[in-house]
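The first chain written gets the first letter, and so on, giving A, B and C; residue counts start at 1 in each chain.
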């Protein structure tokens, strides 16, 4: 169907049999019925779990290296986050990178797993993990602080490599 | 007058001006680091190179005087090339770690890197490393690596603050900014170098690493540190004041502010000793009770005194509106003639730049709106004596810690009733029978009158428990706008305090007098009607820069 | 004695209906899942057999919410009307031939009414009150729209339904359902069962389509079209009352299938079964099972269609009803009548 001077024009004429509708219905039926015998995609969840590929965007985590976070509390992730999920409070340390987050909180109820934080981070400090099982019993519990976000770099090697390769 | 052509357009400009000034006066921006309109020209950053016809080389716009018929190009191919080159040189040794730097977001180098630079670095060698975190003085921290040697800080200290303690040592890429041995950058205006510094080399030791500039909301207000009333911005995040920065007003404070004003005039707003909710003394203890109960209890207490047993102490810290309603309250509602205020003057601190000996922001304003004894009434010292001999038994104090003065402290205990409006717990509230929590200058609308007679506006930057940042039109950052109760950052600390004039209106109502004010603007409208020196003024006319009233500066007596 | 027999029949039929609804829901969910390459509910009980039981328990435990501005009595009444109509329709359908038990011959039909078809048409059209009242009394615009749509839709398709049946009635010459089934046990040309599907193909197709519309099944589920109307007439229903609507919908499906089977697919007739030489009792049982089996096949067809055809647009629905179905059924009735006259 196309549009011309505001008038709808049928560009494809249906054949008599198609206009009769019933044969088409049976065609459709045979398709649906044949689907019934195709292999299923369902994971039998608690016993059988989805193992995401490294391109998967699970919950964001903070990379920990040599016992400290890579994050320098620049606040860019917090600024870019479309859902305002991230709150960063910077402070000063004696280490070479003089800035660090005293408080770093992601509200997992707000997060929409867009991965913008990962993309904007200049330190590759916040990255998307493979974790997708997020259950909370209260709003308060859904706010993840540093203790739940920090993950040693070795555990997220795959994602870090994926990011390097897809730069 | 001289006629010059900039980028193909002709302008009439002051013949004595430089190219950069002439361009600026006509809205044309020429990038620059070291030039500053308030400082001498040093011409060392080379960022302001422009092309002048008939001149073989590019000229620095900051140090070239205009001449009649001059043709200037600020965006020609050669100029752009030069700007790129200058930026490249500046960035050779500049650390490229803006995420760590505290200036990011309000950094001239960062902005120019986007506007005038090539966008990548060709420099592969090791950068020169220099000391970081060097305290220059009590309030300023230096990161030498980030310094681009513009010398603005040096010139400011010499020319404006008159404390020449800063200098460069070494040469070439090894230049280091430092103080002379044995000296410190500790003049009363030292923190102005923080804004002057175009990069993150100089930072405030108080504010450092506390917040990103884009996380905060700025509110135009006026400093309450002394009688000058420097124009300033109040920067808040999550309902907390994080820093104060000067706002340019040539009539009052030029572009500067003193360190005392920046550091000491806002901490009490979010302090833990802030009063929240009114309280009444029951059996020697202050008990918190609701506003309505407090007001009605206070009204019935006040009814128990004869007119000449009551006195009022106004406040040079409170706004014109508060003082105006206060004098009406004391004189008309309570019918007392005894009304005065206490001056707070420290002669030694006054200087020729900004700082005034009168440490209160509004003593002239308070006097103008009528804080003075009626004929036959007692002045401050008279009230003190009368309390001492027992003829005055009730005292109503507006926003002033009078008990901090030992002479007052000793007599206040003799009072049968001491009512205080105060934002924080202090010596006076410790003695008071009724304590009414007052909003601070950062939580309400109002006006104050500085020593010149200039009426300037205060605007709320911090919400109290009865105001809402969004609904009441306070400046709001993105965080303020989209917060919800489930966000930790969406639950700011708010104090239960009210502007003094509103408290007074409700006490007056409980005593049977209706004052028809709903907003601070209503009160000011009445002031503009009845106080001759403020005739015809309005909040709108005062605007962000203030209006000079015809009041003659009153000599403040000690 | 008669009363005893009648009430036993009612009890047996109702119990059978209710249990079959429970399993029908499960079958529909599992089949839908399979068509979509999923597995479907398989956790509650073996193969998920108890899933519907769990759902019923859940529905019973739920709070009954009535909107503040709703008309409470009507809001309560609507699901009752729906379920009552759904339950009573089955009364006239013969689910088997007669059976010999304890010496008495019992007709396998609850009510042997001589105007069975009229009864069905009359009762099913009452069902629309349930939906319309539900939509109106909820005081919710989506509910109201759903209710109105259902009444318009039901009225439009009832016409074609009735006219389609005329052909069948003309052939049988009676309104009695048992007789209509009886007639279909004959053989055409000596081998083809004289089912009305072969004699009245046009009537069969139009009736079947109308049955979809009458039961609000996809592709005609406009009264509750979720993408447009949230939930249509049952948007504001929760818990038990929602459960009743749900139950009524599935019962209607079963009843509609039963009617289709009775009118067009030979009812309880199993071709050539009488040649097996079974005892009368066994034959009766076999016939009842045949009837059930036919219903199951029609129901499976209902479900398969659900995942095959997209929902009609409302104007398409209406023009199909009035511009295609109605003339077609009219013509069919006319042609049938003429042929009968001629021979």
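Quick note on the criterion: a contact is a pair of C-beta atoms (placed from the backbone, for glycine too) under 8 Å apart; a residue touches a chain by one contact, two chains touch by 3 or more.
These figures come from a predicted structure and were not determined experimentally.
> Please classify the inter-chain touch graph. Allowed labels: line, ring, star, complete, other.
Here the contact pattern is a line, an open path with two ends.
> Identify the chain pair with more contacting C-beta pairs: A-C or A-B.
Between A-C and A-B, the larger count of C-beta pairs in contact belongs to A-B.
> For chain B and chain C, let me know how many angstrom lie between their CA-based centres, rounded off.
Taking the mean C-alpha position of each chain, the two centres sit 80 Å apart.
> Report the inter-centroid distance (CA atoms only) between chain A and chain B in whole Å.
45
> List the residues on chain B that touch chain A in their complex, please.
97-100, 102, 104, 132-133, 208-212, 214-215, 478-479, 482, 486-489
> Chain B touches which residues of chain A in the complex?
It is residues 72-76, 78-79, 84, 87, 90-92, 97-99, 105, 107, 109-110, 122-123, 139, 143 of chain A that touch chain B.
> Residues of chain A touching chain C in their complex?
Contacts found on chain A: 22, 25, 28-29, 31-33, 35-36, 38-42, 44.
> Using the touch definition from the top, list the residues of chain C that touch chain A in their complex.
31, 33-39, 205, 304-305, 307-309
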